[in-house]
Structure formats: C-alpha cells, structure tokens
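In what follows, a structure is listed as structure tokens, so that the remarks can point back to it.
The chains carry the letters A, B, C and D, assigned in the order they are written, with residues numbered from 1 in each.
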Amino acid sequence: MNDKILLSVNGLSKHFGGLAAVQNVSFSIRQGEIVSLIGPNGAGKTTVFNLLSGVFSPSAGTINLDGEDITGKRPFEVCQKGVGRTFQIMQPFPQMTVLENIITSSLFGRVPKISLSQAEEEAVELCKLVGLGDKQNTFPRNLTTPGQKRIEIARALAVKPKLLLLDEVMSGLTPTETIEAIKLVRSLRDKGTTVFLIEHVMKVVMGISDRVIVVHHGEKIAEGTCAEVANDPKVIKAYLGEHAEDTKESMC
Amino acid sequence: MLELKWIDVYYGNIQALWDVSLSVKEGEVIVIVGSNGAGKSTILRTISGMNKIKKGSIEFGGQRIDLLRADEIVRLGVSMVPEGRELFPRLSVRENLELGAAYIDRAYSRRTETLQWIYSLFPILHERGSQLAGTLSGGEQQMVAIGRALMSRPRLLMFDEPSLGLAPLMVDEVFKTVTKVSQEGVTILLVEQNVRQSLKMAHRAYVLENGRMVTKQSIDVDPEKCILCGECVEICPVSAIDMTVNGQPENPGRDLGRRVSRKSQ
Amino acid sequence: MNRLISGKSFIVLIVLAVVLIFFYPRVMDSYFLHLTIAIFLAMILASSWDILARTGQVSVGQAGLFGIGAYASALLYQWIHLPPVLGILAGGILAVILAVGIGYLTLRLRGIYFSITTIAFAEALAVIWLMIPDITGGAMGVSTPPLFGGNRILAYYLILAILALVIMTVWLIEKSRLNFAFTAIRQNEDVANVMGINPTRYKVLAFMISAFFTGLAGGFYSHYNTYIIPYEVFGLNVSIACLVMPIFGGLYTILGPVIGTILVKVIEEFLRVTVPYGHQIAYGLILVVVVLFMPDGLIGLWKKRIKPLFLKKSSVG
Amino acid sequence: MVDWASLLQSLANGILIAGLYAAVTLGLTLVLGVMGIVNFAHGELIMLGAYSSFWLFTLLGIDPLLSLALSGVLLFFIGTGIYRFTIWPIMKDPPLNQLLLTLGLSIFFQNLAMILWKTDSRTIITSYSGMSLDLGIIHFGLTRMITFLISVVLTVLLVVFLSKTKPGRAMQAVSENNTASWLIGINVEKTYLLAFGVAAALAGAAGALVSTVMYTFPMVGFKLSLKAFCILVIGGLGNIPGTLFGSLILGITESFVGTYIPEGSGWAEGISFVLLIVILIIKPTGLAGTRRE
C-alpha cells in the first residue's frame, strides 16, 4: 500500500424524487487498499456503487479517480477510466457462454484496443483464476449462485480496473468458497488492484479490509480500521438499535 | 396450519429453492433467517402464490394451496407484507388501507371495524389518512403496508424483511407491532436479516442458505442469546462463523445442527 | 458465435457461388429470374434489418430508408443524369446520413419508443413527399431509366453482388468484436454500459450499416422497377416485410433471414395470385405464430425440434 | 392584423377533432396504463368498429350514433378473445415480443379487412350529415358536434368506471402496482382481460364515431393509431388527463396548420409525426420515468 490517493469522493449526494438515498458522503481510497462499505440493509451502499460506476449521476458532489474528475460521466466512460464492478443481483448475459461473457468485458474495458484472440486468451486465464476453468463453454443459467458470482467477478476483472467494486460477492458462498474468494481478493490487491467492497458477512469484512466505511440512511457515520469502527457507538446503534451494549466487542 | 413439504422453486431455468420444508402452527411466530440471496423472500412469494413450485406441496389449514392464484390465497387468509412495501404511491393512506379489504368479502363487511383497529395500532396513520402514500417516510410506509395486509383479516401474516432500510428506533417500533399483531391472535411468518431482534420474538426459527434449509427441523430460540453464533451483529451466515471458529468444516449445515442439538439438550 | 468457417461449408459456398453466378441466370426463364431478383432484394432488406435487430432495436420504419434510397437515385438521374449504378450508391449513402441523424436522436430511447419513432419517421417522409410535388414528383411518382437498358441478367448480377456484400458484412460482424458489443447491448444494456460499451454509439453504427444496404436496395428497386410512387416505397408494407422475413427465419443468424425471405416470398407469391387484396395477411399471421409458438424462428425450430428427430433416428438405427 | 373569426373557428374545429382523438386514444391509454403494453392493433379495433357501424347502417339502417353501443359490445368480445388467445400467453415476455405480436395482429386485421371489404373508402350519409350549427361568427357541422359530445360522454364514463366501480378500482390498483394488487386479493389476470375488453369496446365506439366523420377504409385504424401514439407520448403515457391534453394539443395544432399554411390540410397529416419525434427527442427520460417495471 502506498499513499497515493486513487479515489476521492467529496460531498456525494443522490436524491430520488424527494428522498435522499445518499447524502453528503465524502471519503477517499488509497491505491492498493481493500476498503469495505458496510451498513444496514437499505442504507444506500449499492447507490454509492451506482454513483461511482456512473449508473446514476450524482445530485451533488464530485468523484475523482486517479486525478481525473469522473463526476457525471456515463458508465462506459467510467469503465474505460478504470472502474470495474459486479452487480449484487447477478446479471450475466444469458445467451452467451461463460467465456463469451468475459470476452465481451475484455474487449471493451479500460484497454479497448486488444484483438479478439488476445481477449479470448485473457478470458480463459480469468476463467481459471476465478475457478470457472471447466465451465467456460456452459451457459450462465447452468451455474449455481456462487458460479454466477464468479462470472460477475471475472467480468469486472476483465476490464482491467484500477478500482474494483465488489457488491456482495461473498454472500451465499460456502466456507471453502469464501476462503477462496478472500484469497482471490488479496491476490488481486497484491497485483495492484484497489478493491472496494460491499459485504454483509461481517467476519469477511473484518478479516480482509484495511479500512471500513459505515453508511446509514445514506450518510457516512463512521470510517476507520475495523476495531475503531466496531467500537464506535454510532455504528453499534445503527446496527442494533437500542439494545447494543451486550455486543460491543463482538464485531472484530 | 401451514405446511411446506419438499418444495422446489425455479426462476425461469434457475433453481432457487431445493427441498424446502417448514411448518407453522396456529398462533406461532416463526422466523426464517439467512443471508442475502439465500431464498428467504422466495419462500414467502411462493406461499403467497406469486411463484409456482415445481415439486412438493403447500398446505394451508389442511387444503392444498400451491395450485391457487395469488388472489385466491389471500382470500383464504394468507397475507403478506412484501419487501419494499409495494404500496400504491399515488393513492392516499386511507385508500391504500381500504383497498386491503376491498376485494376480500369476509374482510369487506368488517372494514370499518378493522380500520379503527389499525388506527389504534398506528395512530399516525389516522393523522396521515389523506396524505399520498408515496410521500410518507419509510417507517410510515411500512406501517401502511402492515395495515393494508391486516385489513384483509388474515389468519397468517407474512413479513418480508420489515426492518429493511429503517432507522433503529423505527425497527424497534416495527418489531413491537409484529408482537402486538401476534398477540391479537394472528399467526406470523417472518423473514429477516436482523437475526437478533427477530429471534427475540420468535417461537421457532429456520435457517436457510443457498436455497436449502440448513437444518431439517426448526431450531428453538433462546431469546437471550442468538443461537446462531451468539456474537454477531447481523446474520452471520453459518459459513462465516464456522470458517473462523472451526477452520474449514466440510459441512457447515451438519455442524450447526450439532450445535443446535447441543443447545436443546 | 461459431469460430472459423469449416471446410465442408466452404465447399458448399463455392458450389453455391458457381451455380448462382454461371448457371442459374442462363437456365431460368424471365419470370423466374424476375422472381429471384425480387427475392434477393428482399433478402438484402431482411438481412440488413437483422443487423440492427442484433442490438435489440426493432425498426418498423425501414421503408423510410428504402424510400430515400429509391428516390435519391431516381431524382439524381432526373436532375443530373447520374448513372444508375452511382445513383444506387448515392441512395445508400443518403440513407446512412439520415440514419445517423435519426439514430443519434432516437436510439437513446429504449425498445418500443424507438419502434414508434421509426414508423412516424417513414410516414412523415411519405407526407413530405406528397406535399412537395415540384421536387419529388408527388403522388404521381417518378419514372427512372431501366437498369442496364433492361438487361435482366446484368441486373441479376448486380443484386447478387449486393446480396453477397450484405451476407459478407453480417459474417464479418459475427466474427468481430462488434458481435460482442451488439449482443451485449441486446441482452442487457445496463451491464454492457458498465463494461465499457457505449450503447448509443454501437446502436447508431448498426443502424448505419442497416441503412446503407436498405438504401442500396431502394436505389436498385427504383431503377429495376423503372417507376416509383411514395405510397409504395415509403409504405408500411415495406417496413413490415423487412421485419417479418428475418423474424420468421430466425433472428441473429446469417441463414435465418435468407431462409425466412424465401419462404415468405413463396407464400406471398401464392397469395398474390389467389386473393386480389390483402395478401400481406400472411405477414400478420406469421408474426403472431412466431411470437406465440416459435420464438427462435425456423432456424430455432429446426435446431430444437426437427434436428433431434433425425439424430434420434440415426442413433437408434 | 388578426382575423379573429377565422382564428376562433379553427380553434373550435381543433377542439372538436380533439374530442374524437381522445376517444380514439383512450383505449390505448387504458391498455398501456394497466397492462404496460403499447397495443399496435388498437387502430385495427377502431377500424373494425367503424366497419361494423358502417354495415349496421347500410344493411339494417341503424343510425351510427345508436349502433355505437352495439359496436362497443361486439368489440368487447373480440377484444377479450384477442387477449385470451394471443396476449395472455406472452404477458411475461419482454416488451418487444408484445410489440411484434400486436403489430402482427394489426397487419392481420388490416389485410383481413382488405380481403373482406376491398380497399374502397366508404362513407355514411345520414339525414343530418349536412346540417350545421351557427353560433354567431363560428359554425360547426352537426355530426362533428355530436361526435365531440359523445367523446366527452365516453371519457366521463371511463373516469367514473375507473374511480367508482370495483373492477375499475382494481384496474387503477393494477396500473399502480401489480405485485401489491395480487397481495390484496385482486385477480390481476382477470383485470387485464377486462381492461383489454373495455379498451376494445372504447375502440369500437370510437370507430363508430369515426365512421360518421371520416372515410371508412382498411387503413383508417393505422392512420389514427399513429396519431394516438403521438397523443400518448405528448400526454406522458398511460394516464387519462395526459391523453386529453395531448388530444387537444394535436387537434388544435392540426387545425391551425390546416387553416394558416398553404395546402395546410395535407401538411396537417404530418403534424403528429413531427410532434411525436420532437417530444421523444426533447424528453426521452421523462417518458421512461413514468413507466413502472
């Protein structure tokens, strides 16, 4: 990890009609970090991801990636600048094979000049990396939930992102698979990818993140290392309501 | 009262539930817990007739209901408070509530009485009666959704993540309401991620993971201590607990089963 | 998305080419040659409609592009005596220019609104054509000199060449990165967008390719037919024909539109001699039947139902 | 200098034709609002209504303004039949399949009409066809006035049906939220059937009106449905006030273009397309925003 700031978000807000889904959120992520975004269900985590990847354009605030302002850029532009993401609800292209799904992503990602055969090679590599090596030519509908999550991850990696956004990729995995996934995330970081993830599985969050950002009701309520966040009374309250005392130490 | 036997459910070609069985007795509060995407909501949607089963059977009050349409199932007395509330946003609060009884004959004749009951449960809805449902806060919308379901005079009321996106105080409020409704004699089937609080009011619980029941039977609930891991904040999927507690168990379900049985001894 | 062309199909292609180039035009009598030309023309329309459909956009206004192509070459001949072959090319180019304009304005819209706009576009052109007869010839139409002095065999070669060009373009698209972009946009535009694909750009590109060939077809038609009227070239019938043929045959394939066209044209030709009006009733029926019972068209029907029958037989026997 | 008489006259003409346009569009609005389907065959239902009114008048001598109800009932049954056998099986398909299906139906009925009744344009001439009403400086054809009033009555009936009757409320509920409607005990499929039937009945009645003020020919429905699409888009898709607003805009614009532009009546035919394209370009997102999933 170094001190170079890869992503900095300033005063980010998003309103739908009158409702504020995300309100005045600011944070930054350094190159090579693994940062988790947590918060109760419906706190606005996925909205933050949608803003970062350009799916929504923010009502206010700026997003800066690697020194470039990407606020309000459209999703394909943001992707070409170096943001890859997965979707919480898996959305593979149903009529493409696993390999074709990943090739598509390779072809048009951050380095879009590569040839078809190069893209195919890369996709085959990625298939192996995420553990889909033997499922290359099947269709996504024949895969289980974890299998489809692997497609999501491989597709997000195929764009060769500087910043990888993972939206709940570990939920629903078996313990062995979760460990594999954690190893995968660590190895990605070692290769230089910065990872920003939304997770529900608290043990995973605490296990791999360098830092944790907590949102609640669309606002950032805490940020810091695992231990700092876990002892923050605001966080405990957000998660547990009024009956918080007995679980204070349990988070890490 | 309600009995699911070995049901399989598919979304298109994708299987969402495998061999799920559960039973709910009259007057109980039952919770289904499990992580995101485990298929909890699918179970409720299937009971209410929104999804069809490929295999197995669903009985309610001794009658097969798995072949009925959703509206027929509501008429039999099974109502649902859906995830995301699903109100009629451009109708007023009162209209939303009234619609809950409008298409169910046995509820329609008692609608004024039921409405008074709901207003006594949620006085705020009385105040907001003429406001458009879409303009309410999340917690108020949740109350309208519960109220609308109650208007149909259900025998079994199902809640799909009622605490979703609510402030802590509001969550408490919602759970208190669920308890109140239960005390009024309505049987309750609840799906939640907020394990700790939901287990506090439940009689029994089922744990679902990846579309399968982790244990064949329901687990008994110790209200003082979350039986699943005793230390988590939200639901820790069994996988995550076992991973850190026991290293790499080959079968998390069996492991949990052991722990549960130990508890009940 | 199959890989390279196999040896067997290459031989079939060569044989087909030889037959179509050297043999066919010499044996066929004039009526059948005419019918063949009509079918090839329709195949071009069908295949080029299918190119746009690969991005998930259903155009119900191909007649607008066809009519522009037809009128461009007809009017350019009238004004500056542009040779028909160049006129046909000009028709294609004008259609592309129009498609770029319409495309950038409307392809941001999704699905059904694009479809409605394309109908409106074709009908609007028809209104304009009727209202400025000084320039367009109005309802009376325009006559054009016959192509190659009325030599049907040469006309046959020209349309065969255009058809070959269309098929080759489709084949190249299938082999290139474009196919991935088009397919991704069709299957899930939002995800494609997040993966770095600019949906509008590729949709407009597909529309341009589609428009070029539709315009060429229009130009060819105007010289081959020697007479065009707005009601016909801008008519709903053309737009409908463009979409029924590939849908019947099977979408997003090379062969689908070709097979669909042959069958639809044969049915239409049969109806043309049996009922005086309304022979396009077959188009309506085909659409309804395809949507309800055979969503992948004839090709899908073949792959799913008929081919397995043969396989079963051979494995048993 | 402004010629007030001609201005008022063309405004009045525009409003009168807008009434007819509203009647033509209401069924389309209802189906889009409740079922989320743009029914390309709506125009053909109007055409069938027009023909039924024409034949009832020609063969049995029933006045079109009376046969309106008969056309409505006839089309109600045709409509429910169409829904049950063609649309019901594909309600869960992607919208493009629904588009292609209804487009197929549209082509089918157009050509069926050509086979049955040839492409001739037919008119109904009643005893009051030539009469007109004079109101000082402006005057109206009596038939137009009557069709306008009937259109108003049809609209009011529809609004009352939707807000005061149980099936009507069910339609509103379904259009607001399909899932919630199932959950409160509405049979959504039956509601779809009824909505399609009512829309077809409205088309039948509108067709009868059309037969009195326009020519009846196989393509009349197609021409009108293009205008209806335009109205739908101006009005913001699938709501009744929007439909009335859109009808007024289109009717008045057409009327002004017809009056003030040389050879305007021809150009007026194209106005709907221009409006449609312009509006889709100006606010594509606003349109998408009004649709539910």
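Convention: a residue touches a chain if its C-beta (ideal position, glycine included) is under 8 Å from a C-beta of that chain, and two chains touch if they have at least 3 such contacts.
Predicted model, so just to flag it, every value in this text is computed and none were measured.
Novice: Among the other chains, which touch subunit B and subunit C together?
Specialist: A, D
Novice: Tell me which of C-D and A-C has more C-beta pairs in contact.
Specialist: C-D
Novice: Farthest chain from subunit A, going by mean C-alpha coordinates, please.
Specialist: D
Novice: Counting only Cα atoms for the centres, state how far subunit C is from subunit D in Å.
Specialist: Centre-to-centre distance between subunit C and subunit D: 32 Å.
Novice: Could you please state the distance in Å, as a whole number, between where the Cα atoms of subunit A are centred and where those of subunit C are centred?
Specialist: One centre to the other, that is 44 Å.
Novice: How many angstrom lie between the CA centroids of subunit A and subunit D, rounded to a whole number?
Specialist: Here subunit A and subunit D have centroids separated by 49 Å.
Novice: If you average the Cα atoms of subunit A and of subunit B to get two centres, how far apart are those centres in Å?
Specialist: Centres of subunit A and subunit B (C-alpha means) sit 29 Å apart.
Novice: Sort the chain contact graph into one of these: line, ring, star, complete or other.
Specialist: ring
Novice: Strictly by the criterion at the top, what is the full list of touching chain pairs?
Specialist: Every pair of chains in contact is listed here: A-B, A-C, B-D, C-D.
Novice: Taking the complex as given, what residues does subunit A use to touch subunit C?
Specialist: Against subunit C, subunit A makes touches at 53-55, 74-77, 79-80, 85, 87, 91, 93-96, 100, 103-105, 107-110, 112, 116, 119, 155, 158-159.
Novice: Can you check the complex and tell me which residues of subunit D touch subunit C?
Specialist: Touching subunit C from subunit D are residues 38, 86, 89-90, 93, 95-97, 99-101, 103-115, 118-119, 218, 222, 226, 229-230, 233, 263, 266-267, 269-270, 272-274, 276-277, 280-281, 284, 287-288.
Novice: How about subunit B: which of its residues touch subunit D in the complex?
Specialist: Residues of subunit B touching subunit D: 48-50, 69-72, 74-75, 79-80, 82, 86-91, 99-100, 102-104, 148-149, 151-152.
Novice: Residue numbers of subunit C touching subunit D in their complex, please.
Specialist: So the residues of subunit C in touch with subunit D come to 56, 58, 60, 105-106, 108-113, 115-117, 119-121, 123-124, 127-128, 130-131, 236, 240, 243, 247, 275-281, 283-288, 290-292, 295.
Novice: Going by the contact rule at the top, pick out the subunit D residues touching subunit B in the complex.
Specialist: Touching subunit B from subunit D are residues 166, 169-170, 172-173, 176-177, 179-180, 182-189.
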